[in-house]
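In the two complexes that follow, chain A is the common piece, with chain B as its partner first and chain C second.
Let's look at the complex of A and B:
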């Protein structure tokens, strides 16, 4: 990241102008970011700055009740971040560094939460450990009140630890074993190596995961709605403001209060932590790491990990069982009614609509992510970092905030008045049942906005592994940027493209907080329907929805993997390399 | 080569963007062959009604199910370009509030004449389609565990033994919960009026501010026993059914529905002896509706006995407002219940203020 002299900026821009396709690509990307990400956030912040809003700020920040709510939210975030990071670290460490059996199972189970809908876990936990829980009441005879902070911590930890797991696993795998070997040669015990070599090198990863989990936890809406009890948090208050009172100003004020910690955390993570990466000297491992074999270490760790794995399997097993029984724990008769409802009944509309919209958003997000990654990683121009930052805002900002922002900006057509032409509509009404596509436009846009950041990061990571010399060779042979991108870059970063697509589809299918305010009569979204069913206690239907949703995501992953292909042909260059 | 790819690229963009940018007049014309219903009762009843209407008239009918308060908020939010044409179901209080805000349009259906006077809104702004009484739906074995009897009074709910074991919905989103709130307002007003004339009701027959404040006091106390405020009115019943809580404050017909649908012998339905509130489920034409003709057809049809009996097929056992409709024997017999003299107009006019105050002062309070 060099600081460019002004003359270089200008020179770079001139170079971009010369390639019209690149220029248009850049312009389109910038327009997308401005319209789809920045304007809703701006509109929401603006709404909170009205005189009514100022008054509400005063009221909320001074009222002891709301102070408690803010503290509650932050406390929950910290607990979940700590537990989730610890859990992710444990699993990642055991997976990479300890010699235990069933590694594949552990890996798969750790990934399940990504493809499962938000309150699947919460509902199953209620049934197992609630007041009349199958385990708490059934086995132990204890009426445990799982509503509130303890239930939320458990469920949010299990929902989000996968991110920490993936992060830390990647970092652990990239650790240079040469350092371990050097330490061993110098006489250090394994424990000392762990303490003084491994962990310090992982601190950026641990801190990064911690912060990421914190943001996800405070932004989560589905789980507090289902099992928050009287532990009030900001996201549920925002929800009631819009859905019960349609007080957009109050919602905007609360959203800004929620936005502040999220943005702070995001900025800290980006500018401080990712710069102090101390993974290894050369960036590429130069050997195979030795796995720990000592029985006193292996087996206890294995026991703990297997406990976690079995726990997760128990919960998903409950979901599965609940989908096939009439009313789990009350009437355990087997039935296919719930599936009938989802596939044939009025649930089928939600199933089709959601899958269609996610399917439209996925290639858009994947492609956009790769294009922005290309621009950010390969080209230098004024505002490159700003573009990166703005795109990442799509996921840094809590989903509810994005939803409200969209309501504010796209609830009426956006017009500009030009001197000679008159008023023309540049963006039609996108939200609400009377909008074009019946409101689906806003939903697809939100899906894309929420998925592009991951595709971007994945693309940037992949591009940084590839020597630009290949692309330069292509250009010097006469191909323009477009052709180079399509025929050289894209195939080389295929694994990143694929993971971007998979993530986009999974995320779009399972998101709730961003779209909960945007559903309309013509667009029924599965996660919203699941919430309806759970809130009305129709757990059987909710579980059937979950099972089908997971099945759809798995099928999509399969289809995408086959269509895009998992190899890039660049493996040898990446592993060998100087 | 470069020029060509540029031209192709530009064409692609134009083709992609053009259908979006050119105005779509198709959206604006009133569609005679579709109907979008805003439906407040339980979802299966919504499905049954819309399917029956579609069969009867051939009009393609779709609905969205939203609780009473949510519906009002949604109509208010989209009043410049309504998404729905007819609003069906949910307590009349919300309809009165909607008429106050000029969100619904009066329309007099033929069968309005067979309805009882209190089931017809002022200026024919709304019409009643069903009636139901508020009650307590309790989990029998949970109550046994706690060693208390099923509640027969509002004060029974304040029993410390029921701490975190009561649930009701949030009045902002749910009509059921709002009815529960206004019931207490009415009871307090009656109490004050009996003690000293003029302190309970003002000259227009509306409960006084003192009565409303007293109701807030009651709910402040009850809040300590509430586990969670749900979004929809009937949801606490499910919580009682699965044994998550002991007592749910819901409409009695929702409790009967649970008993019929798998929770027989699990929950028991009781009423407060000092008096309980009731709802008249309303129905209205939304102002500036996109499909006004179809909406009017629905309004006519929904008052007919054939339409009103559909609820019984899905175990929605409210009492129909059309006296010619056969009544299920499972429905609660309202003559056996002590109903308060619920003033719908006063309730509707105070709705917004009460709901906001509840959300600000009571709902977010921490419990000890």
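Let's look at the complex of A and C:
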């Protein structure tokens, strides 16, 4: 337990009060975290604690049907976490440590899932490997039932292995090559180095990736809706409770059951894994790592990796092919009808709305992420860790849970009654068709909440590479915190800011679980429209949506890169010194 | 308590505690430090790492807040003033140049904040770059400069805003030995010329001696001694100071007689009279400090005899370790006329210059 030192905390806050911009920034951030993140989660947990909710808890936890659903969810999470981590590790290891051709292609393919809309993978896999699959039925003549755990594991692994890839690639690159050299020098073979140096050093990264993938998998809604078949998981049950049964309490109870493993994993990841990490990222690799060239290692690994790469390309190729053909695999006539439907027809509204809302959320999320990163990494005040933790909850909590929380909190105006003044509306009704902006406010807020954590982490990582003395030098020369942040900090963490923005836009454009309950007839969202098309079997339209969505994201990445700049202008050294 | 009128920068009973890593208890980094720094004075905070010197500097600059005590600048309490409003400029160990700005922009940064008009700004930047020998480098990026040049830019950036107080946080420790000596004398010359009140932190005692009007020796958060370089070296008041500044031999000394301001002691078989500024009486046991260069070795059987345990020829001097009875003494022979280098194992006579003997106060 931390003891409190009142005088010191008062002094810290007095220091913050002295700088109005810093103070206002901190207040705004705290208000954002309280209203947009904590209150919906709290409302959802609170809803499950009503007498009705308590009864449902009893019922669900004792019913064989629901027990199966819970076990299904956990089993799926574990399988995806294991497969995804293994795949991510394979690609990262080959990328960093093995001398193979086409590294650039491997890298790009590994990153594609970030900008991939939900349902795209699942639908393409269905067309390729489903009951009437082009490959299963067409080439091998088997009627393979891909619905259920098999298909889900495949699709979720391909959707989320990027997390493990990025994580482990970063760690592998940060590993000091001198370690390998020292081990070689002591007579170890490459295989021995792999077993006794590389893997042990990466264990925190491997465990961290495993946990992240587990959380992503059990929280995923889109894929189980399309691929699940009879394999029911918690997220689909929650969806049915709201959309089919209009039973918010049941959804809240199921959400709490889903929240428990998610939060547990988040806390383990945050407080255990991050502390046991032995990889020291110095930002100054002391040499160039020796790449593995042994043909018996190199070519088999290359073959496996190329198989994965081609498989992923095949799936995305199917999406494109499906968008340009009448009905892929049934009537392969080329057509632009699907694009006409999305661009000029029914889908145009969703396209515009989604892009606009994502474009509003992106700079908010990026800036908010950098501001919170600055506060957390550079200032000391009581509650600093709590601020970091609460912000990260935005992504640690499954999207469906956030969506339900928003319904509970913002489906009516939030008002307070003050003596003499009377009732004041603090927050207007944000969700539903009759809400302000046609419910768009809540969607933007959710986009921001889901994107800020990534921006925060990349901001903190970037700040930890910059000598704090550089900012102190600015202050020592008379600049206040605001000027220092705008003129020194932000330019120096520009690459992190850019990746925060790109992530925010891509995440906002492709998110489904968090906004599926929040779309309204007045605010249509592309991912939700894709789900409608998939559910109605109009795969062509769905694929056209996906292609356009990917195109929008790619254009946005280009625009953001030009607008923000990819470099800080200080690339050779970030320490203000030799 | 220090008078708050005298001196331009006054620290009054300053303390700073940090919470311990595990959240249990506190670390007292600076412990009840009082200090007055006069207008135009160059004061160095000197001590081993962890002695609280850097924390003291950060308290003066405002990057840390004192747990107790006051800091006054020209008689005004600035303890709670934020660091950007203190009219002090700091030169950092890592230089902390803005890596995304050119040298000129780095130097102009503080002037822009003061809204100095364009023409004057350019002139002042130009002038300080000239002063620091950086003419023609204005358009370079910091990472295109050598370590020494970066150091000059850092100094120029702080000098150009004409701060009330200049703060240095081990600014020379990243330079190689020769450059360090050169920059040392440049800093001293410029500070003298501009007459800027300066506080300098270092763990290098030679640097401190070369630069300072006064040295503040710190240990475990407390001030051990304040004085001119000469006072600190010749008349250390504690064993810590004597040991930290230069090298020292500590000899047990029994007071034989006290006469006026002088005490008579016997050291290495010689009776010497040593001035004392504190109360002593005959029979007291004190510690005498003898610098290694005050000792010398002769082949003379009438002197106290010792055995050479180690001899190291260093060119400009020869270092000896000599055992005299129970005592082990360090002797540095710098006399160029003493051509003889004694061998290890040889028996020699040990003598010393009586006027250099210094007695440490008891306690």
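As a working rule, the second predicted complex is superposed on the first by the 561 of 578 C-alpha atoms of A that agree within 3 Å, B and C clash if a C-alpha of one lies under 4 Å from a C-alpha of the other, contacts with A are read in each partner's own complex, and residues count from 1 in each chain.
Throughout what follows, contacts are C-beta pairs under 8 Å (C-beta built on N, C-alpha and C of every residue); 3 or more make two chains touch, one makes a residue touch a chain.
Only a predicted model underlies this, so the values are computations on that prediction, with no experimental measurement involved.
When the two complexes are overlaid on their common chain A, residue A:61 makes contact with neither chain B nor chain C. By the document's definition of touching, of the two partners only chain B reaches A:330; chain C does not.
Residue contacts after overlaying the shared chain place A:480 against chain B and chain C alike.
In the superposed model, A:14 makes contact with chain C only, not with chain B.
In the superposition on chain A, A:492 makes contact with chain C only, not with chain B. In the superposition on chain A, contact is made by A:426 with chain B only, not with chain C. Of the two partners chain B and chain C, more chain A residues are in touch with B.
By the touch criterion defined above, A:386 lies against neither chain B nor chain C after alignment on the C-alpha atoms of chain A. Under the contact criterion defined above, the residues of chain A that touch both chain B in one complex and chain C in the other are 19, 480, 483.
Listed in rising order, the residues of chain B touching chain A in the complex are 1-2, 5-6, 9-10, 13, 20-21, 23-24, 27, 36, 42-43, 47, 62-65, 69-70, 73-74, 76-78, 80-84, 142, 145, 164, 170, 172-173, 226-228, 230-232, 234-235, 237-239, 241-245, 262-263, 266, 290, 355-356, 359, 363-367. Contact residues on chain A toward chain B in their complex (touch as defined above): 19-21, 24, 28, 65-66, 68-69, 126-127, 130-132, 137, 143, 145, 147, 225, 228-230, 232, 237, 240, 242-246, 326-327, 329-331, 345-346, 412, 425-426, 428-429, 432-434, 436, 441, 480, 482-483, 519-522, 532, 535-538. Looking at the complex, you find that chain C touches chain A at residues 19, 23-24, 26, 61, 63, 65, 67, 80, 82-85, 88-90, 92-101, 109-110, 113-114, 141-143, 146-147, 150, 154, 157-158, 161, 167, 174.
Only residues 1-3, 5, 7-8, 11-12, 14-15, 18-19, 467, 469-470, 472-480, 483, 488, 491-492, 568-570, 572-578 of chain A touch chain C when the two sit together in their complex.
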